[in-house]
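Scrolling down, you'll hit the structures one after another.
Same chain, two partners: chain A is paired with chain B first, then with chain C.
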Partner chain A sequence: MALNRKIAYIDLSSGKVETKPISMEMRKKYLGGRGLDAYLLYNNTKAGVDPLGPDNVCLVSAGILVGTLASATARTHIAGKSPLTGYFGSTNMGGFFAPEMRWAGFDHLVIRGKAEKPVYLWIHNGEIEIRDAKDIWGKGVRDTQSIIREEMGDREIKVMTIGIAGENLVRYANVMTEIKNSGGRTGMGALLGSKNLKAIAVRGTLDIKIEHPVEALEYNKQIISQITSAKVSQEQGRLGTLFIWGATNSQGLVRTRNFQLNQMEDSDGIEPETFEDSAFGMTGCFGCQVHCRAKYIIPDGDYKGTYDEGPEYTSIGAFAAEPGCTDLTTILTGNHLVNDYGMDTLEIGSMIAWAMELYEKGILTDKDTDGLDLSFGNEKAVIEMIHRIAHREGLGDILAEGPLRAAEKIGKDSIRYQVHVKGMSNLHSDERPTPALALGIATASRGSDHLRSRPAIDLYHLPEAVLRQIYSQPVAYEGPLTSDYTDYEGKSWQVFWQEMCYMAVDCLGICKYHTIFLGPNFPNFEEWSKLLYYNTGLELTPLEIWTIAERTNDLERMFNLREGLARSDDWLVDAYFDEPTKLGIPLIRDRVIDRDKFKQMIDEFYAFHGWDEQGKLKPETLKRLGLDKEPSHLL
Partner chain B sequence: MVWRRGRLILSEESRQETTSERTARGRTHGAFRCLNCFERIVPPEKAESYKCPKCGFEWRVSWPSPTIPRIRGPVWETNRRLTDEIMAKEKGQGK
Partner chain C sequence: MSVKVNIAPFLTHLTADHELVEVNGGTVGQCLDGLVEEYPGIREWLFAKNGKLNNVIEIYVNAESSYPDELTKPVNDGDELQIVIMIVGG
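Right after this comes the complex of A and B.
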């Protein structure tokens, strides 16, 4: 059956490997993927553990539906205490790794300790071997995968790996798989690097038994039709996630020149449609029909002729909007470099743009940059800084430390120009006109985050009646809801609802683009209940899936509270409240977040969670979710 | 919706429309919303730009498929001018 995959405990210090089954009780409490990872992280680490020390654990997992007949079930989740924020570290990537890991017999890996010398893991049909990584240490993401496949003589091997940035412990290094599937945010690549773990290679041929195959296939056909017929999917299948730019920049919801402006005016040359000239078709992840990843060749510059995939919406932000660049080649080259170095696009773009503003203000000088002109709009400087950060050279060594540590090292009021939450940089979106989106980034468990609770459909101006249908199930909600995205009313419920929705897909292993993220009528709790039953035989009502999401969200919160998180950390930098937007359509201009109303939103958000005024779980909430006996050590 | 354990496949309930299927019936093709006033606009086939008949904001249009127009970007000059006029008016009214 689909639920007989195991959990493996791997100690890199001792070389010991132990495997255990996952009980049905744990499945019903956490499903898998991010859910079970939250449980494992909480119970396998102690408060204050050094994120880059041997006692931190690195968790690698597949969602419970991964590799089944449910579509877009490709997601690999990686977790640990974050080297970037010191809080819950978590990332989620597409590709083909997680299905292969399940076919190899495993759903979860718990990796602790530190290898004496660089190693990689080889996982094959229930067996796990720790191997010497001397031939791949120091190699980029692509070469590492090629060398392993060549050495093993099997081109079908799937590899997740770190690049040079992870080896150099860049605090926002990614875990990568294939050409560009990225486990970004929170520095899980640095966590692998700290353990001398270069890569994990998997190959599996063990069948996953589908409990009700005919119904699973039939139902999945309906889901595929529901998704592929939607406008957003068709735009995404043509332009990738870049398609979002058309709406956000047109309105003025994009932060540019660090956080000085909120729109890239006259930026027609970097619009997604322009990018189509360099692309030659789309590709996708396991089991997905949307195919949102463009294949392209860099058209000119130092990397002319190089193949890569993407870029994503975040790439426009990182290599154009934030540093004020307007050359498509910079976006394509920057995307290529971060993919091969294994670094977080969003974080590196923010760090470079921040350094550019410091240079503009005279806080950083030519002496600090070793003569590099860090003016906004200097395309070559952006590319050069990517190299320097990956190799930790000069100023790059400081920027590799992430927002808070870098600001501390530079000093001189530099923190004032940082745009972060909990020590993680914001997306290149400007949330000053959109309180709901602002609340999402302020309260997300892994720091500033657009993928943990963002009600992106709030920007669609959907009729209130439609909003009510969406947001009133599987838990009844009769409070206010409004189509006006500049409003504060009812938005905390939308953020709370989306938080549960995204947590559920992360436990199931489904891509977020296949739920209510950008598509307002995409599958959610009701559909997942059926998918779970047909594919795994597990019977859970939509409400029970919601409760699992709540439990897991709260366990992540408990982890963060144990690490010292306070209500004051669920907040935005001062610029959100004090510096009005300058550009965009009338609805967007002259907008700031209202401090008092925002505080009230946070109060409401905490109340929906069953948290007290300080953001701590109330005793009755702990009891209701069965978290009152954590740590439990059931696994 | 009532969900009965062990009877999910056979039950009538399982064949009921879900919320997302219900809301999907309201989908519109061939149209997009003006990003300024949110009016639903139906541009002529293959149009490269289109002015919102309600507010006058003008958008450059691209077509990911023959039935799906999308906003590629603003007609900068038009929208900047209109925004400046509206903001000046609002300022004059003390807003």
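Right after this comes the complex of A and C.
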């Protein structure tokens, strides 16, 4: 059955490997994936643990529906204390790794210690070996995977790996799989690097027994139809996330030149339609029908002719809007380099743009940059800085430390120009006109982030009747809801609801593009309850899944509180409140976030959670969610 | 048929600040043509160069998406259209 996959404890210092079953009690409390990882992290680390030290754990997991007959169940989750923020570190990627790990018999890996020399893990049908990584250490993401497959003589092996950035402990290094599936955000690649763990290779042929296969297949047909018939999916399947660029930028919702502007002018050369000339089809992850990943060849420059996949919408921000570049080749090359070095596209784009503003203001000089002209718009400088950061050369060594440490090293009021929450850079969207989106990034458990609670559909201007239908189940809600994205009313509930929605799918292992993140009629708690039952036999009502999401979100909060998080960390940099937007359509111009209204939103958000005014769990909340005895060490 | 079009706030600067515009037409396309006739500036937001609905725009009829019929979807007297824009991703 789908619930008999095990948990493996791997100590890289001693070389000891121990496997254990996962009890039904724990499944019902945390499901799997990110949910059970929250439990494992809270129970296997102590407060103040060094994120890059041997006592931090690296958790790798598959959601409870991964590898079953449910669509888009491809997600791998990686967690640990973040080397970037010092808080909850967590990242999630598509591809084919997690299904293969389940077919190899495992749902969760708990990796601690540090290997004496570089190693990789080889996992196959219930067995785990620690192997010498001398042939792959120092290699890029693609070469590493090729070498392992060649060495083992099996092209079906799936590999998650770090690139050179992870080896060099760049604090926003990714974990990667395939060409571009990225576990970005919070520096989980650096965590693997700190353990001398280059990669994990898996191959499995152990069947997952589906509890009700006929019903699971039939029901999944409905889900596929529900998703693929929507216009938003079809557009994603034509160009990927790029398709939203034009409309978003035209409105003025794009953070540009390190938040100095909110719209990129002169962007004709990077419109999605231009990209179509370099792209030649789409590809996708395990069990997905949307296929949102473009395949392309770099058309020009030093990497002309190189194949890669993507780029995501975020890479336009990272390598165009933020550094003020207008050449598509820069975006495609930058995307290729971060994929192969294994670095977070979003974080590195923000760090380079920040350095460019410091250069513009004279805080950084040619002496600091070793003669590199870091002016906004210098396309070559962007590519050069990607290399320097990955290799930690010169200024790149400082920027590799992430927002707060880099600002401390540079000094001279440079922190004033950082755009971050909890030490993690903001996405390149500009949230000053959109209070709901601003609340989401301010309160997300892993620092500034759009995939933890963003009510993305708030931007759609959906009929209020549609919003009411979505946001009133599985928990009743009769408060205000408005389709005006500049409004503050009712938005805290939407953010809270989306936080539960995304946590639920992260526990199940389903891609967010198959949820209400993307389409208002997409699957929801009701559908997940049925998918869970047909595929695993586990009977949970929509409300029970919601409660699991509440529990696991709160456990992430407890981890952060234990690490010293305070209410003041759920906040935005001053520019959000003090510097109005300058460009865009009339609705967007001259917008700031209203401090008092934002405080009120946070109060409401805390109240929905059952937290006190300081953002701590109230005793009754701890008891209601069964968290009052944590850490309980039941696994 | 008389139909009301609910204008998204980000477009009201193109409709003289009107949030609700009454138009006539038997299909979504005819209604939008009427809207564009009255407020030409809104065309570039609604339509692609090939005359189809823009790839990020959906029109809801009485709180339901008109996709895939889109412009050919029939409307009835008293129906309400809503302009929805799909800007999402990451």
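As a working rule, the second predicted complex is superposed on the first by the 635 of 635 C-alpha atoms of A that agree within 3 Å, B and C clash if a C-alpha of one lies under 4 Å from a C-alpha of the other, contacts with A are read in each partner's own complex, and residues count from 1 in each chain.
The rule is short, and it goes like this: a residue touches a chain if its C-beta (ideal position, glycine included) is under 8 Å from a C-beta of that chain, and two chains touch if they have at least 3 such contacts.
These figures come from a predicted structure and were not determined experimentally.
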{"item": "Superposed partners chain B and chain C on chain A - clash or fit", "value": "clash"}
{"item": "Partner chain(s) touched by A:Thr541 [first = chain B, second = chain C, both, neither]", "value": "first"}
{"item": "Partner chain(s) touched by A:Ile516 [first = chain B, second = chain C, both, neither]", "value": "first"}
{"item": "Touching partner for A:Leu427 - first (chain B), second (chain C), both, neither", "value": "second"}
{"item": "Which superposed partner A:Asp373 touches (first chain B, second chain C, both, neither)", "value": "neither"}
{"item": "A:Pro586 touches, of chain B and chain C: first, second, both or neither?", "value": "both"}
{"item": "Touching partner for A:Ala247 - first (chain B), second (chain C), both, neither", "value": "both"}
{"item": "Chain B versus chain C as contact partner of A:Tyr313, first or second or both or neither", "value": "second"}
{"item": "Contacts of A:His450 with chain B and chain C, given as first, second, both or neither", "value": "second"}
{"item": "Contacts of A:Tyr533 with chain B and chain C, given as first, second, both or neither", "value": "first"}
{"item": "Candidates 19-27, 37-45 or 73-81 of chain C: the single one with C-alpha clashes against chain B", "value": "37-45"}
{"item": "Footprint overlap on chain A, comparing chain B with chain C", "value": "229-231, 235, 238, 243, 246-247, 251, 460-461, 466, 483, 521, 585-587"}
{"item": "Residue ranges of chain A in contact with chain C within the complex", "value": "229-232, 235-236, 238, 241, 243-244, 246-248, 251, 253, 312-314, 427, 450-451, 454, 456-457, 459-463, 465-466, 483-486, 517-518, 521, 585-588"}
{"item": "For the chain C and chain A complex, residues of the former touching the latter", "value": "6, 8-10, 12-13, 54-56, 58, 60, 63, 65, 67-68, 82-90"}
{"item": "Chain B-touching residues of chain A, taken from the complex the two chains share", "value": "212, 215, 226, 229-231, 234-235, 237-239, 243, 246-247, 249-251, 265-268, 271-273, 460-461, 466, 469-470, 473, 483, 516, 520-524, 526-527, 529-530, 533-534, 539, 541-542, 584-587, 589-590"}
{"item": "Residues of chain B defined as touching chain A within the complex", "value": "1, 3, 5-6, 8-9, 14, 18-24, 26-27, 29, 33, 35-36, 38, 57, 59-60, 62, 64-65, 68, 70-74, 76, 79-80, 83, 86-87, 90"}
